[in-house]
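As written, the chain order gives the labels A, B, C, D, E and F, with residue 1 at the start of each chain.
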Amino acid sequence: MRHGQEHIDHDMVKIEVNLDDIPGEWLGHVMELLLKEGANDVFYIPIYMKKNRPGTMLQVLCHESQKSGMMDIIFRETTTLGARYYPLSVKRLGRQFRKVETPWGMVSVKEGLLEGKIVQQAPEYSDCKAISDKNSIPLKQVFQEVWKQLK
Amino acid sequence: MRHGQEHIDHDMVKIEVNLDDIPGEWLGHVMELLLKEGANDVFYIPIYMKKNRPGTMLQVLCHESQKSGMMDIIFRETTTLGARYYPLSVKRLGRQFRKVETPWGMVSVKEGLLEGKIVQQAPEYSDCKAISDKNSIPLKQVFQEVWKQLK
Amino acid sequence: MRHGQEHIDHDMVKIEVNLDDIPGEWLGHVMELLLKEGANDVFYIPIYMKKNRPGTMLQVLCHESQKSGMMDIIFRETTTLGARYYPLSVKRLGRQFRKVETPWGMVSVKEGLLEGKIVQQAPEYSDCKAISDKNSIPLKQVFQEVWKQLK
Amino acid sequence: MRHGQEHIDHDMVKIEVNLDDIPGEWLGHVMELLLKEGANDVFYIPIYMKKNRPGTMLQVLCHESQKSGMMDIIFRETTTLGARYYPLSVKRLGRQFRKVETPWGMVSVKEGLLEGKIVQQAPEYSDCKAISDKNSIPLKQVFQEVWKQLK
Amino acid sequence: MRHGQEHIDHDMVKIEVNLDDIPGEWLGHVMELLLKEGANDVFYIPIYMKKNRPGTMLQVLCHESQKSGMMDIIFRETTTLGARYYPLSVKRLGRQFRKVETPWGMVSVKEGLLEGKIVQQAPEYSDCKAISDKNSIPLKQVFQEVWKQLK
Amino acid sequence: MRHGQEHIDHDMVKIEVNLDDIPGEWLGHVMELLLKEGANDVFYIPIYMKKNRPGTMLQVLCHESQKSGMMDIIFRETTTLGARYYPLSVKRLGRQFRKVETPWGMVSVKEGLLEGKIVQQAPEYSDCKAISDKNSIPLKQVFQEVWKQLK
């Protein structure tokens, strides 16, 4: 069982790029590459840019040491000529995993601890989805079954 | 003074297109062309499309008789292979215009009438903006001045 | 216990208005009035309008017989000169309510039935929130407790 | 080579559902199921719902004959108690496919015809992405190479 | 009369959380709790997250000294395992209040001063809304009446 | 030919303002003024604010030395009583321009260089749009023609 202590990480960074000259279908690919490179999170925000242009802001969250690699992907795969960034601190809960038995197999549950107390219990999406896909059961029913097993 | 009676227009249509393979900067141009062609309104809605694609929905409001011309622009200027549409009814207020004197010149005010009663009074944006640009006065101050003159 | 049969309602209507000349704070008030008047749902969609204007589309769902009353509120309380609408059909699940006992009191659960089979079980937000507020318990904990009691 | 004539399809339908009580991660799964079932398009629109709830509107475009199957998925997999729908017409361009040779292999290009004239030429995303992934070439470079080969 | 001097506050902080596994209805409650705890502002941004998930970014603006209390609410009431933050400076206008007489009672107007000059005049929403609700007058009419009284 | 070296700019700043009491039409004007003043970028983000208010976040990117001028415009032209800001670093590609011959005239292409290698080639929007407007050619056709000329 993996166990992570509650802590504050002061070496995170957010990278931002405004995009108004790239097709949306390329951006799905960019997200995939950045996540594969190890970004903590990658997401898009709809923005309204000058000259009536619907645009998209790309945001990447990563460790300071990964910044350069993320920038390379951004410059190679998007159409931007510049990328801005600024430092972030992140407070992270302690983490531990629990296994829960369901009629269709085991599901991992990620737990978050604040000062040693469990405040989050999140069934792993990939486990639930695999059960849902294999057994043709609605995904929500799988989650509900796991929630019932939790104390 | 132009005067429009309150009425319901049953011959309007909305055209919609989902776009995930076009740069945002082209869409500013598309909006301009559709408005020049006489569309009642053209606007964009941010949407989340498959494969993690940030997309944009184009919506055009126009009279049924203009539909074909709008479609031509959409097919020539965007990247879509299909455009959907459906009929709309529009209830419109009666309209009349009033002139208001400000220290910097006249401003038109569009009034909307519901059963003969004025329910809307909208200073014309282009008049106010022209005054603001010419006299280096904040736009909001121009609007506020006009509002004060209204009864 | 209220009990609604699964059915299709063919007399619904959607009213839409694009707004680019109204402050957001007024729109919270408009939503309140439309819901009080009996609208089935009222919500806002962010849109990108001409001349680089961030705008808002108001959408109201209501029964055909309520359309006129909703229109009156829209014309009196917003700044629009026109409102469009079109008919909708709505398929509704059968509905029934169940009571669930928690350590902090009863909670209603709304159930949705498709061909006689329960496919939805939704704890009532207002019941859960009341418990959360009164007992200073996280809202999610109240929901989780209710889910555990459900079969 | 598939070949489709320009035509108008009058038997399409749009299904809409407002969701404020479902986690976003379930919605990725719902999109997948609806597309697998044969929907023409599935997408999400961010909406602002009552009681300060960030919500999501699900929209599904499909043929009238598929409506019932889509509804079943929606009721089983989401948390809604009702789903609205209305008919759409869709004007579709004629379609044909062309093969383009690149240094890394063949790419299909979908062409759209308006009154017999080619107005759209879209390199197939999946072909370009496969080349990009296999050869570690930026996706945009693959698209640009294909565009150069087009007349 | 309260009077605040124009100044720059260097001890503000922004807290951000990305959420893709929480129902929207819980987020209305979270906003309420954070505002009650004394946040300067709380708002939601629609974002597009991995695996086709419509997500929501929570942003909280507060004084550095309040950060810990806000974090506690976020961890207890949402589903996140981490919350990021970064420091902000805020330039604030001087503030003063003025009372304006209307036919239906007094309304407070908040004024903003830049280098001693009034640049903002905002009728208090809650005063205007109370008048609107009590007298069944459109909210916009109350605001317009107040604007007319302002110099 | 202008030529800019690849570099990191550590003196940039982002200014942010949340707006819920300003009409959208004024915001188009504000964007114009900020860009005229020399902002690197100005854009709007749709946000969900308290009391069910659809709001807009204004973001301005500029050099630290321009901050004060931008603030003045914001306070004079919008309705806010405060504006927050924080420092940014921006990595910028090297830049050079190339001229491309088309059947309708010259088009500038902006190129971005990463470690001396061209990674971006962007036809200038204004050149392409001028050709499109003058010759009544779809904008996308102009871009495609330019792309074909690029090596």
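Everything that follows uses one rule, which is that contacts are C-beta pairs under 8 Å (C-beta built on N, C-alpha and C of every residue); 3 or more make two chains touch, one makes a residue touch a chain.
Bear in mind the structure is a predicted one, so any value in this text is a computation, not a measurement.
Shared contact partners of subunit C and subunit E, listed by label: A, B, D, F. Taking the options C-F, C-E or B-D in turn, the interface that duplicates A-E in more than half of its contact pairs by residue number is B-D. One finds 28 Å separating the Cα centroids of subunit B and subunit C.
Residue positions 21-22, 25, 31, 44-46, 48-52, 54-55, 76, 79, 86, 119, 125, 138 of subunit C each touch two or more of the other chains.
In terms of inter-chain touching, the protein chains here all touch one another pairwise.
Those residues of subunit E that touch subunit F in the shared complex are 12, 14, 31, 35, 41-46, 59, 61, 86-93, 95, 110, 112, 114, 119-120, 122, 125. Taken in their complex, subunit E has these residues touching subunit C: 22, 25-26, 29, 46, 76-79, 125, 129, 132, 138-140, 143.
Note for the complex: subunit F touches subunit D at residues 46, 48, 50-52, 54, 119, 121, 138, 144, 147-148, 150.
Looking at the complex, you find that subunit B touches subunit A at residues 19-25, 27-28, 31-32, 44, 46, 49, 51-56, 79. Only residues 18, 21, 45-51, 55, 57, 71-72, 75-76, 79-86 of subunit B touch subunit D when the two sit together in their complex.
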